[in-house]
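Order of writing sets the chain letters: A, B, C, D, E and F. Residues in each chain are counted from 1.
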């Protein structure tokens, strides 16, 4: 007997070939790029209408046209990440805030930072591991995901990243206390209303996503554990 | 100076005429039936892709083809509630579980019960008031929404309704503790795996919805406060 | 089987005719005005000495001579509300703070606001519904009770009402943290020491009242659910 | 500068001579027996109607005619403790449950046990110290108050005392979760419905009392700290 | 049957004579001075290596060479308290901060204050009673331990003592929230970095010690309950 | 500006060469084996007596003579891990419980499992990352640390591992609730009293260790992040 999880999901998995055609194509494209089918799609696949809406919501927030688009797999959506448009190397390595044109809203790395912070506060294994992998890749920082996952409240971050994470956390565990003060702090840190919306909406989407993963006791694909941990050659 | 809220939403409202055509039609149909545009659509309208995904997700869970469809407005979605198919008066008064054919999963009243319970635990004004109205209508019980909203943990319910609410609550505030024991209790109470999924997924969707309402400080339309409080002639 | 509560109280009810004479007269006067006997009196009636002390404490705080006295029933006390002395129609609708002469301490509407806020934080069905009704009547605002009950921490209120509610909430769930800072904030908002005492003492009384209702699983009278929801002609 | 509290109460003290005559007599009788005026009376004295109701409520629950009446001062009420009727010394020291005739409901020591447990959970200095003193005297156990005050959840008690304390704690900090299961556990431990009511009602009264003490930052009289710590000759 | 604890520790006790020689001498010296063997040593005695490390850690923090050394027993360590070097009677009674040369870091009374505050927040009976006794002795204040034990968050203390206790509490129950702000507040109150370290390290050590006592359900020696409650002649 | 932490510890670091000779040798041996000096030793080094006691306590619990001793670095102690005695490859990969002779108490992997679980519940970055690395090595499971760190309450483990983790968690965040029931559950799962002590004492030690890391904002050495993530050739 081992400590490895016995099942990937409490309610069974739907394989790629058993999805309706539009979803098969959409998830297939992600799998082709990632090299594997992220388990979340297999766990939601028996409810195609829900999976479709989930993917649409995810793409609208995590892969919007306005955000910079570095290459990389998508753990729970990202059906159109336009691999190849990756920014050709900022000269200095940087945190999430350095990724993508900050003038056009949250960078993709910052969006993943919101996901990892809120998933950490909700103790969601799948989302921490899968989106932690993407955060490592998009931020080019192999340690940031572990640092935020261990303690999102006090992880040492840039002022902008801290403001983003604080806003997400304020909405995550005690949303009834969220108020004008939280908005004011975010604005004081330089976040635009559009960025505040993005942080709040991503937090909301992953409040749902985290709970779907808890409902299904969803296990991350093995591949996610190692992605982005070593600098690419 | 009054205690009335000064604004309906923190980030402004988008009126029906300013929505893209597909959303204008979809939300317009709801407004036609309800007699007003539920504020959630106006608050999300400036992000059409998000609103579209939200509506799709909502309809997949709250208005699925398999659930019974009594007449009534839809507070945050429900673009195709097929008004008119309302069950022609059960002879005995009943709780949510009595509404619709129980053999085909959760009734629509039971789905609203999940929404009110999880929104109560999250202290979400908009969702409590708007979905409380629908719950009153669908359950034909003018008090159940206030009772569940005041104390979802101990509201006096039928065994089946209690099992549904307990399952939702287990996933709402401390999702990291959700486990096999919660699933087992739901099964012991007679819930099928499909119904357990529905309860969990609706809880997840409104974990998101509640947080969007907190993010925007969304106010319920006045109409919702009174709907379903008096027996229809 | 229905979701309606099967019993009004866990420990039985004492009817008006079975009360000692002084209590029969006192509760009878309330019933005459309200049109029904509020269930709290029936639930406490088998312990006349406790009911008598409870009524005395209630009247001292909720119906003091110094507070304005609009007409209306009394959900859990109010044996001498002097019906008829109702203020002759303020022209502009207003919040609790507008009710009664603010120079002489908390208005009666403000006192009910404290009750609804603390009962909401304690998830007390009876007190939310019964005192929510009175709050609607005394504030002439048909929505304020639902707004405060759903989320007392963030309900949109006037500055004075917010200060009152914040003071009550500080003492409700974590009284060990109550300190000089809470007093200072209340004073900064313009509350006098007498008003601070009133807020604190009402919060204390309903900390007791809420627990008596939880102890007995007390159900509100049906009449309370609808009172004050529509403007009087 | 010292760590001694600078003031006995946040809102001033009313001395015995400044109370209305009935209260002066009533509190005076307590002071005569105790040798000092318990500070709670001085702190509430500027609101005679509230103090009167508080005393009545206290006496109804803490000094009912049916409970055994050993000698001893009364920290926050007890205007008629009938000193002299003290049971003539059981040979073996015993817990609260051994004090007084168990057939007629909670003993006075058990009533004080409820007060100390609920006040400990609420971190109320005045009530822990004042009622801890009475508990020591009534139980003839010089350590029980410190043990319960330090950790009411796990203090080592007889089964009956544990059931009493567990019932009180269930209602103290999360009253919204109080339910049939708590009642059933108390009954299984042999408590009668009358005793369950007493535990619940005392817990409720001290939910109020604890908050009045927090509101006023009330300091215990010095005398209480030492009372009952050494066996009487 | 009584409410007295039936056993002193869940895992048995090791008597002085059964300890390895070095521990027998070390604990024996404490016992000689105190007049009894503090139960913590008997409870840990079956694991000599752990007891040895615990004593070393304790002495390093609670009895450092730099701190003032009044006479008195040591409840859970203190193998070399240099009895006799007691300060020759400060003329004015004072709080913990007045004990010992403040220029050389925390006084011994202040160290005990940290222990009582953190043990109170952790509801640890043994540590509250045993270290409460030492705190009374070292601070020459017979009430401070009961005041801090009842409510460490709001006990009325000098500014310096309050800063010390607040720092300890910040690290006790929600250590993941401990941050630069807590450090800044301590510095603003005049604590040196060395003192901040001491407060933090003592809090950490008693986070362990409290849990060992909870693990073993450790009972305090009877002697501790009364020590320091009356002024010495 | 980056999201990388600016400092390794809030109170400075002491380098190997600046330690007293005994500690220099002891920590030096660990560094020689690991290839680096774990930051915890550098952060505690300015207080040699405390570091010495900490190392002794750590070694007594984490590297006791009775436990199996596979090779591997020691993140916060482990001055005598007898590298080389590593068990020569169990053929089947297994959980912590499979590591070392279970007849002689907790295996070393199980001891690290306790550390990771309690550190996860306390959100301690240093301990999660450093001991997560050791857990991966000792359990030969590259994912177990991430799974337990993300959600110790529901991580999918063997029954024995689950009992160990549940016992640790019961003592970690709400130690005042720890009671006979927790002990009984551990015994029912087959843990001996000696093993229960080990789990409890390790939990206690890391309650201290986690808080020292929070006090100092201690950063893990970079090396720990990657250790044990890939199977050794």
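Please note the rule applied: contacts are C-beta pairs under 8 Å (C-beta built on N, C-alpha and C of every residue); 3 or more make two chains touch, one makes a residue touch a chain.
Since the structure is predicted, the reported quantities are computational estimates derived from the model, not experimental observations.
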Shared chain contacts [subunit D and subunit E, defined touch]: C, F
Chain copies touching (subunit A, subunit F) - same or different residues, decided at half shared: same
Far-end chain from subunit E, centres as C-alpha averages: B
Distance from the mean Cα position of subunit B to that of subunit A, given in whole angstrom: 27
Distance between the centres, which are taken as Cα means, of subunit D and subunit B, whole angstrom: 46
Touching two or more other chains - residues of subunit A: 123-124, 151, 153-154, 176, 178-179, 214, 217
In contact (per the touch rule at the top): chain pairs: A-B, A-C, A-E, A-F, B-C, B-D, B-F, C-D, C-E, D-E, D-F, E-F
For the subunit C and subunit B complex, residues of the former touching the latter: 1-6, 92-98, 120, 123-125, 128-129, 139, 141-144, 146-147, 149-151, 153-159, 161, 214, 217, 219, 222, 225-226, 229-230
Residue ranges of subunit D touching subunit F (in the complex, touch as defined): 151, 153-154
Subunit E residues touching subunit F - in the complex, by the definition given at the top: 10-11, 47, 49-50, 52-54, 56-57, 59-61, 64, 122-124, 171, 175-176, 178-180, 183, 193, 197, 200-201, 203-205, 207-212, 214-215, 217
Touching residues on subunit E, where the partner in the complex is subunit A: 176-179
